[in-house]
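Scrolling down, you'll hit the structures one after another.
You will see subunit A twice below: alongside subunit B first, and alongside subunit C after that.
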Partner chain A sequence: MFKHSGTGNYAYMSARVKAKQSKLLKEEDYNKMLMMSVPEISHFISEAGYSKEMNDLAVRHSGIELLEYATYMNMSKQFRSILESANGELKDMVAAYLTKWDFENLKVVLRGKNYGLTLENMREDLVIAGSLKEDDLEKLLSAPSIEEALAIFKSKTGLSVSDEAIRAYKEDKILTKIEDEITKGYYKNVLDSISGKDRATNIFRNYMKYVIDLKNVETIMKLKMENIGGEEAADFFIPGGYQLNQKIYAQAAAAPTMEAAFNELQSMKIYEELKALSQTPTISLLVLSMERVRLQMAIQVAHMYPLSVIPVVVYMIMKEDEVKKIRTVAHGVDSGLDRDSIKNLLVI
Partner chain B sequence: MAAAEAAGMIAIGAGLAVGLAGLGSGIAEKDIGAAAVGAITENPSLFGRAMIFTVLPETIVIFGLVIAIMAIFVM
Partner chain C sequence: MAARDVTPTRSVLLDLKRRIKLSQSGHKILKMKRDGLILEFFEIMEKARQMRVGVASDFQLAMKKITIAKVVDGELAVKSAAYALKSHPEVDLSSKSIMGLMVPRVEANNIHTTLLQKGYGVIETSAYIEDAAAAFEKLLITLIRAAEIETAMKKLLDEIEKTKRRVNALEFKIIPEFKESERFVKFRLEEMSREETTRLKHLKKKGASTE
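Showing the complex of A and B:
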């Protein structure tokens, strides 16, 4: 799938993404934004690096819609510029990481089609940063059914969803199984495309394996919160993790309580960081907190290996985080939520 | 004859001192220069600082040069 040779321009890219990182919004900026109205937020982010996208799109969109399009467009541009500036195996790894957006975009399209959203609504949430170009995504959007969208996706990326998952969807119109296979497909795709034979690719491979572990822990915690038993949980296991194998996963998922589940995870390196999350009251907060753990882990690895792909990954996670936060604040303000509730959703 | 040979050896030594030091600082500057350009691309105000970091390894060449001068004029 990926074909570049040579080691890559790590020093150049690391310095460049760190300079980009220094321009991201800080905690005080979000606090300021909480006091603003949607037009004021739009003006504020225009001055914080989103001006070109805001100006370009202002002709066609306005209000919160403009903000949504502009933030995602800016993020896509930043990611694509990183990909274009990287070379050698570094470019391969960045490209492999960015395929995440192909899979995320597919999920957006499938959910949109399932819930009967308009093309415009679905387009708002697409991030054109993966291997699929705008035309490919338009084809996905205009597919008449979910099965056809999946067929188009398969022809572009090679990912196929099992007949069983499609049958399950047809029966109850719930996308869980299909989405689950898409998620697994992404991680398999990334691990398969990165050899891990030399030091640089091995760092990235191990990082992705840790990410899979975190994803599996997140699944266990979500299932425990919903009181779902071990047998159903087995389907959601993502193979290829670093420390969390299927056996530990099954034991943790079968545990009667959250505490008992965490006891099964004691062998994991990041157990202490995860333990603090066992008291998280809601699933949405849990997802945000896990994002934080993922970011902290990436920052730690980036400190250990400054000349690797990880500083680039850290920037991409932080940029995604920034865009999510801007959108959360804007949506919260737009729907009249009070400041404290919005702040709780940010996990700054 | 022996004196001429010794002078030749000193000249080779001086050449190696400057040449190898130059090679070493070149290797060191490779990554620093690349990082400096990366940082300046995003933030041009970093030019001054980036420049200082980029030329820091040049000091190694000065050591080589001092050794070369000592070899030629002192020995």
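Showing the complex of A and C:
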């Protein structure tokens, strides 16, 4: 990816995202949605700014599917408009952050090709919210092989995978190594794109480092559940975290039980937030709590440094969260989960 | 076979006696087999009952987990993770004998895959999806075990029914008919023997009067 010159149009972008942020759903809106049926939720969100996408997609989809595709489409439009309006290093940071959606799309393409899905099926599941445009994604879709899709992805985003990962894929047709390498590449890319030259970008950088820590904790717990430790676990460590270094990661991964692994994290700031779970550290509770911590961190810094990258990134985080919450409520209601269970799964 | 259709000869009588003995011993063995099968059936029925409870609870758990995965991560993420899977569950079919009855033995292979064999990235794939995948693997194993037990139970039921019909046929039709035939042959032979004696007496009397 090419670096943009200049610091960026922070004032303009801050004003834009502030206007957008005021339109986001509030906590009371989710509480109202909890009392509704799926069609009522669809109607409610149509009036809350999703009407165009709901109308556009209503021809092809209905019910919960329509709601999911429409919310993703709306989020994509918002992110693309931010990316297109930003310039200078702000654009670089936003683009690097949004590469995660390019990675999500790459996963859809790789898994789809590996499984033998049709182009139409894969195209339907793409969320064009990243830096790759529709033409780029079309190229990815029409790549004749996974290797060529990866080469196209590398040329557009700079994220590449090692020959070893491609060799491993060729041997057993398993995408694990490729996906994990791209995940690590994504976090490295984001950290590299944040200069950290001032307090505001430093806050964003630290936020991303915390996200890496949380990802590493989640990975340890997932591996612990499967009794995977040692050398094998070390392959999944994402470098660049805030407090969780390779040594703590290795110690936690080598711990005999989930509880012991959790206790190895005592030196981390996040342990304070999660220590209530230390007696019964089930992975779902941990993930939910970590998600809460991550959002809390974003909310805490939201009003600091209004003329910086922070408002832009916080808006994107909040928008992603809004889409996730709408989906959570709608799916929960659709599948007949009781209100308390849905509320517990909502990170409010 | 009607009792009066048989030829009343000594050899037929001997043959009937042999057949009655054979039928009675067959009846005894089949009754024992039927009782044995019923005992086996009750044992398997208990296992099947527990298995059904297991299938129901595993199914509920798996559905709950997949629902939560869809609620938290969305349909697209769950669908995408499913497409990444490359391993296919396999079942080995063989058979075992229960009192001479062949019932299938089903063994599941390649059902539980570790996190590293699933096919999707370990770091980014949600723990909820992983949880749901594990629950469905467990459900599949339970279903395969349940299929084995239920098939054995159905085969046992069929065999019990068949054996019961044979026991009843022997007890209420074949053995009584043989006994009736035996009684008829015995009666006819006795009658023939009496006729023979009378004829001999007449001949003796006739011979004496001519002398």
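The rule we apply is simple: the second predicted complex is superposed on the first by the 215 of 348 C-alpha atoms of A that agree within 3 Å, B and C clash if a C-alpha of one lies under 4 Å from a C-alpha of the other, contacts with A are read in each partner's own complex, and residues count from 1 in each chain.
Just so it is clear, a residue touches a chain if its C-beta (ideal position, glycine included) is under 8 Å from a C-beta of that chain, and two chains touch if they have at least 3 such contacts.
Values in this document were obtained by computation on a predicted structure and should not be read as measured data.
Touch criterion met: A:307 reaches subunit B, while subunit C stays clear of it. By the document's definition of touching, neither partner reaches A:276: not subunit B, not subunit C. Of the two partner chains placed by superposition, A:234 touches none, neither subunit B nor subunit C. Contact with neither subunit B nor subunit C is seen for A:151 once the two complexes are overlaid on the shared chain.
In the superposition on chain A, A:9 makes contact with subunit B only, while subunit C stays out of contact range.
Once the two complexes are laid over each other on the shared chain, residue contacts for A:18 go to subunit B alone; subunit C is not touched. Residue contacts after overlaying the shared chain place A:125 against subunit C, while subunit B stays out of touching range. For subunit A, the partner with contacts to more residues, out of subunit B and subunit C, is C.
Shared contact residues of subunit A with subunit B and subunit C: none.
Every residue of subunit A that touches subunit B in the complex is listed here, in rising order: 9-16, 18-20, 22-23, 307. Note for the complex: subunit B touches subunit A at residues 30-32, 34-39, 41-43, 46. Note for the complex: subunit C touches subunit A at residues 67-68, 70-72, 74-76, 79-81, 83-84, 86, 114-128, 130-131. Interface residues of subunit A, counted against subunit C in their complex, comprise 64-65, 68, 72, 103, 107-108, 111-112, 114-115, 117, 125, 127, 172-176, 178-180, 182-184, 215, 218-219, 221-223, 225-226, 228, 232, 236, 238, 283-284, 286-287, 324, 327-328, 331-332, 335, 337, 342, 345.
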